[in-house]
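For reference, the structure discussed in these notes is given below.
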């Protein structure tokens, strides 16, 4: 419990987001292109951090589904930036041992001849420490 | 007019067309892209965490190179533009980041966001002018109905990218008009293609691109243009793919009569 | 009052309080029984902008050890802009006093609203403490005024 | 030297328990000028006041010091008591030995010593007090109302009914304001025109009301009770005294391409026009920016067809200067520009409209003659979606930070009206919160849900996606079921935030009335003086002060009227005598004091001054005591000390300083 | 100088001006004094040389009350004072015909003597006919040459520039004389410890004899009646018992001219005790520039003065403690 509080603080620090600014309008989730794939929805991320329920967030598949497309950040009427929270939780996970979501071993089977370099670079950045 | 130019990894490889046509067009339009020496990869995605410094340094180096030459920095790939523009903003406005970054880099003079970062399209719009561009067009793409695909990286967050109206952009539409074609406005042009997620979640990005291409086709587009190699890759992966996707520079070169048939 | 050489240091502190916020804040401190040392004596002025640098220098001349000016918070002035002028005037005056070698802890400006009885009391306590730590004001005192 | 009496109050034990009141009395008698000192358990009681009055008479006191509670408590009590005994009330000073002494100190010796010093400071001050007379200024018994919407009309009617003449200045060609654009009003659903038009007619016909339409306030000078206002009557190009309002000119005008402001630009109007059929006055205006005659010199058809010969192309703007005692601001509101909310496709699709546009569409006199239809293809919609809080409650730079307050209710009204008139149309409302604090308001909203089957979904919309077939795909959140909803709609209605009419900033500047960061006029006190501006003589009516609906606007309009009437009912205004005063002999005329005066109370006159035998014309500062509020900013700015504040003079304050530091 | 006299005569002759406000030789050749000239004859006494440091702007207050126009000679730095007085409605622009006179730096006999010269009987090289590079000082012990700049007033070495803020015509050449940093000395004092500061000012101010020369010469100190002569503050006519009285006088004087003082340096020039009074005024100017943005009194007649304006974000007075080195 105590460490969750600490983690919540860390998330706020990394993301620079103040979840208390949220008025719970749900526009982030309304706008999210990955909504269907997410178990915990963008607007819930804000509430979870507010309630310091980080454990569940770290296990959420949503971390790996968020595109960081900033649609939620751009359209949020309260300037809460839910996308940055999701990214901060993702970092929290990746900074732990074995937190990587992508291992070099799985790469060969994911490749195809057209893949642009930047896809690999980005994926590595996003999925691994 | 000379600009420092940052091509980025993909333009040296899978997206050579994007790069090649841009350089060729630039010389016709009266400006030069001078490639920054020994540039490093931008990392593909902007490091969002406020405590991530090292991952931003490659961008700072490039920016500082341009500063030393007293040139603006031009980018072409949407992802590179996004990353470099945001890092530049950090170096200008976020004390924690610029202090740490400068401490790491030990430059002769601290870098504080002095370089202006322009996307190639911004150069066309703000420095050359679409009217001027129109005058240089020798082979207008008359009759072509083109859907502009912006994606997310160029537009958002608008407070930093300051590229265009993030919800109703018009720079590519104006570009399309300038090269003599007709722009097709469709609602998904500023929605994400799925980006880097297509490596592991191929279906997700496929679904997203499906929506994009169908919407464009529904509104009557014959083709799509983009500035991003990743968008290009993802859009080309759709199941029902009928609509061709081009880099905007290719059509620009074509209109300027630089493309050999 | 006669000079008592044996008496311990009892500072003289003048507090100029604007009628609308800080004086009312001092009243609230009183009705809330929030104590602060009796060394502080309050002079009521309509607005912080009424306080002339002459008043402050005069207080020091007559043997004050500290002078504090309290007004409405910036933006809340009863007269809309008085405390903004006071702020500039006092900043410059205090800077000048510091420049000629008067300890800058002897002068202070605090914004205290009518609702901030706690702040008023806390401010006075900390100011008096500061003056005790600085001790007797010798640099601005006019010896003639003692009797 | 005054003959001073010192009166020390015990305040029961509040003071006497910690302050040795006898000692204070004893010490007071040692002070120069003090001829009388006594203590009493309750000075503020009638008996206590009687003691003061008796001493004033018996000892012929010229000054009184009461050592008691805070002057904020009983200064007035003691001043009045002194006045009754024949002493000028401003010869009374209070030494605050309760809040500032007995209540905060525990040690009796310490508290007594401090009380003595506070008493001495008050004695020193009162020694220098001079009798002050509250000044007087006259009141012009005429009110000005800026803005001719329902707020302005109601205020004007109320003031006029009380017997005072009122002028209404309205920017547009007709009074009526936003309310005239509405179709029905909540929560009773009566027709807006049916309740507004009679008020407009009444205002027009009222002998005490004079209406300047197509006019704007150009300049304001003066102060409470005595404002002088320049009103620009813009050239109407139609002679109001000749026009019969037959409407032929509008019918024959060949230039009918101008967007109709009254219908929010949804259709066009002629260049010569009255905004709407019930306009008051029913006299058209030529829109010179769009009139062919004015643009090219050719045409002139309206003049030819006007049998009354009322059309006058040569008419010029006219400046009317009038004096007023009170000014009421009732400038109203506008909808925000939705350019920055393109995710809702307002600029991309004709079928995405604002609520005010829907009002016009629903109105029988509107662009679709009251038929609910899509503006793109004229088809009847089957699915309607309403989006709430578009630009309201926004912390980003795009919108407004406040709740626009009226949208929840008017959306419920729209939903209900549509469901009532077109039962086959489905209505969905995306909301964040439904706010219905008002009499019968929540019941109204519940009726929309329960009786009319309006589908309320809690969640904001992320994007409106126009489809190739002309439909609109609404992508929104349903937070209660934690789903993302894709809803196909035929029309989308946006509850755009409201904002103060842009011109209000200029008007506030002219009036020196304060305005907040959202351009709403600031009230003198948020709770206790909500319809007055901090600037005396300026009153606030309607949305210019903050978002409000019609019932609230009307009640506030009445309240503003009462405040204005209260002012106009006075023949003279007494002014606070603690005002600044310039010593003409010392004044340099340097203008520095005027630069800091927040009230514009200081002006300069060239006067013949006799300075110890030297007679010369000098530029000197003159304080208008009716405007001066007594802050004293000028006194410190004045390098020579020519400017002083009565009641808080330099010498008085210095005497207090000296007494405290003695 | 001759050109000035010729032009003055012309303007007197054609009735453009009724009098000329300039300088005439004083008791000593290096001590010219301000003077009015009303005819051609009187003008023969007119001088304009390197010793004419006196700022004539303040005399225009009285001249504004006289019939007809006054020709006033203003050096570049004087023109700031003139314009500041205009801004404060103390002088009437219509009553003045301004000749902006050139300036190559103004001399100070005490500075000249400070070059180790005794028994000075005369100075040549201050006629402004040359480039003003060198002065020849005649002393009882023989002639001595010193660089012109070594005899200059402190204020000229931190000159605001040789541009006239206001004038009707210009006569004579100017030469840039700025070699130093205007706020260097103020900054040096700021660096001192509290005790050092106190000792420094106590030493300087203890020299004050309350002769009021600074006040009388100061163009900003133009009050009809000074607060120190007024009964309104109980501050009048006090004997100087200790240094505080002087401090109060000089602090208040500096405060009253803060935001209005153009830094013309006349106070220090005329002080018979050589107190660097400009250090008070310059401290305020430095603070104003640093805290509220660059402001030069007299440069812009429209600009809002720093003490009669404000912005919401202004620094709090606590900044003094934060900035204080002591």
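Per-chain residue numbering starts at 1, and chain names A, B, C, D and E are given in the order in which the chains are listed.
Heads up, the rule we're going with is that contacts are C-beta pairs under 8 Å (C-beta built on N, C-alpha and C of every residue); 3 or more make two chains touch, one makes a residue touch a chain.
Just so we're clear, the structure is a prediction, and the values are computed from it rather than from any experiment.
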Contact-graph distance - origin chain A, target chain C: 2
Chain located farthest away, centre of chain E as origin (C-alpha): A
Per-chain Cα centre nearest the global Cα centre, belonging to chain: D
Between C-D and B-D, the pair joined by more C-beta contacts: C-D
Interchain centroid distance [CA atoms averaged], chain C/chain E, Å: 36
Chain D-chain E separation of Cα centroids, rounded to whole Å: 50
Inter-centroid spacing, chain C versus chain B (mean Cα positions, whole Å): 61
Computed distance of Cα centres, chain E from chain A, in Å: 68
Residue numbers of chain A (touch at least two other chains): 71
Where chain C touches two or more other chains, by residue: 53-54, 81, 85, 89
Multi-partner residues of chain E (each touching 2 or more other chains): 227, 233, 307-308
Pairwise chain contacts under the document criterion: A-B, A-D, B-D, C-D, C-E, D-E
Footprint of chain D on chain C - complex, ascending: 1, 12, 14, 19, 23-24, 26-27, 29-31, 33-36, 38, 41-47, 49-55, 58-59, 62-64, 78-82, 85, 89, 121, 145
In the complex with chain B, residue positions of chain D that touch it: 339, 341-343, 345, 347-348, 397, 463, 465-469, 473
Chain A-touching residues of chain B, taken from the complex the two chains share: 8-10, 13-15, 41, 43-52, 55, 77, 79, 152, 155-158, 166-167, 191-192, 194-201, 204, 208, 229-230, 232-233, 236
Chain A residues within the chain B interface of the complex: 13-16, 33-34, 37, 64-65, 67-71, 73-74, 83-84, 87-88, 91, 101-102, 110, 114-123, 125-127
Interface residues, chain D side, partner chain A - complex: 343, 389, 393-396, 398-399, 432, 458-463, 475-479, 482, 484-485
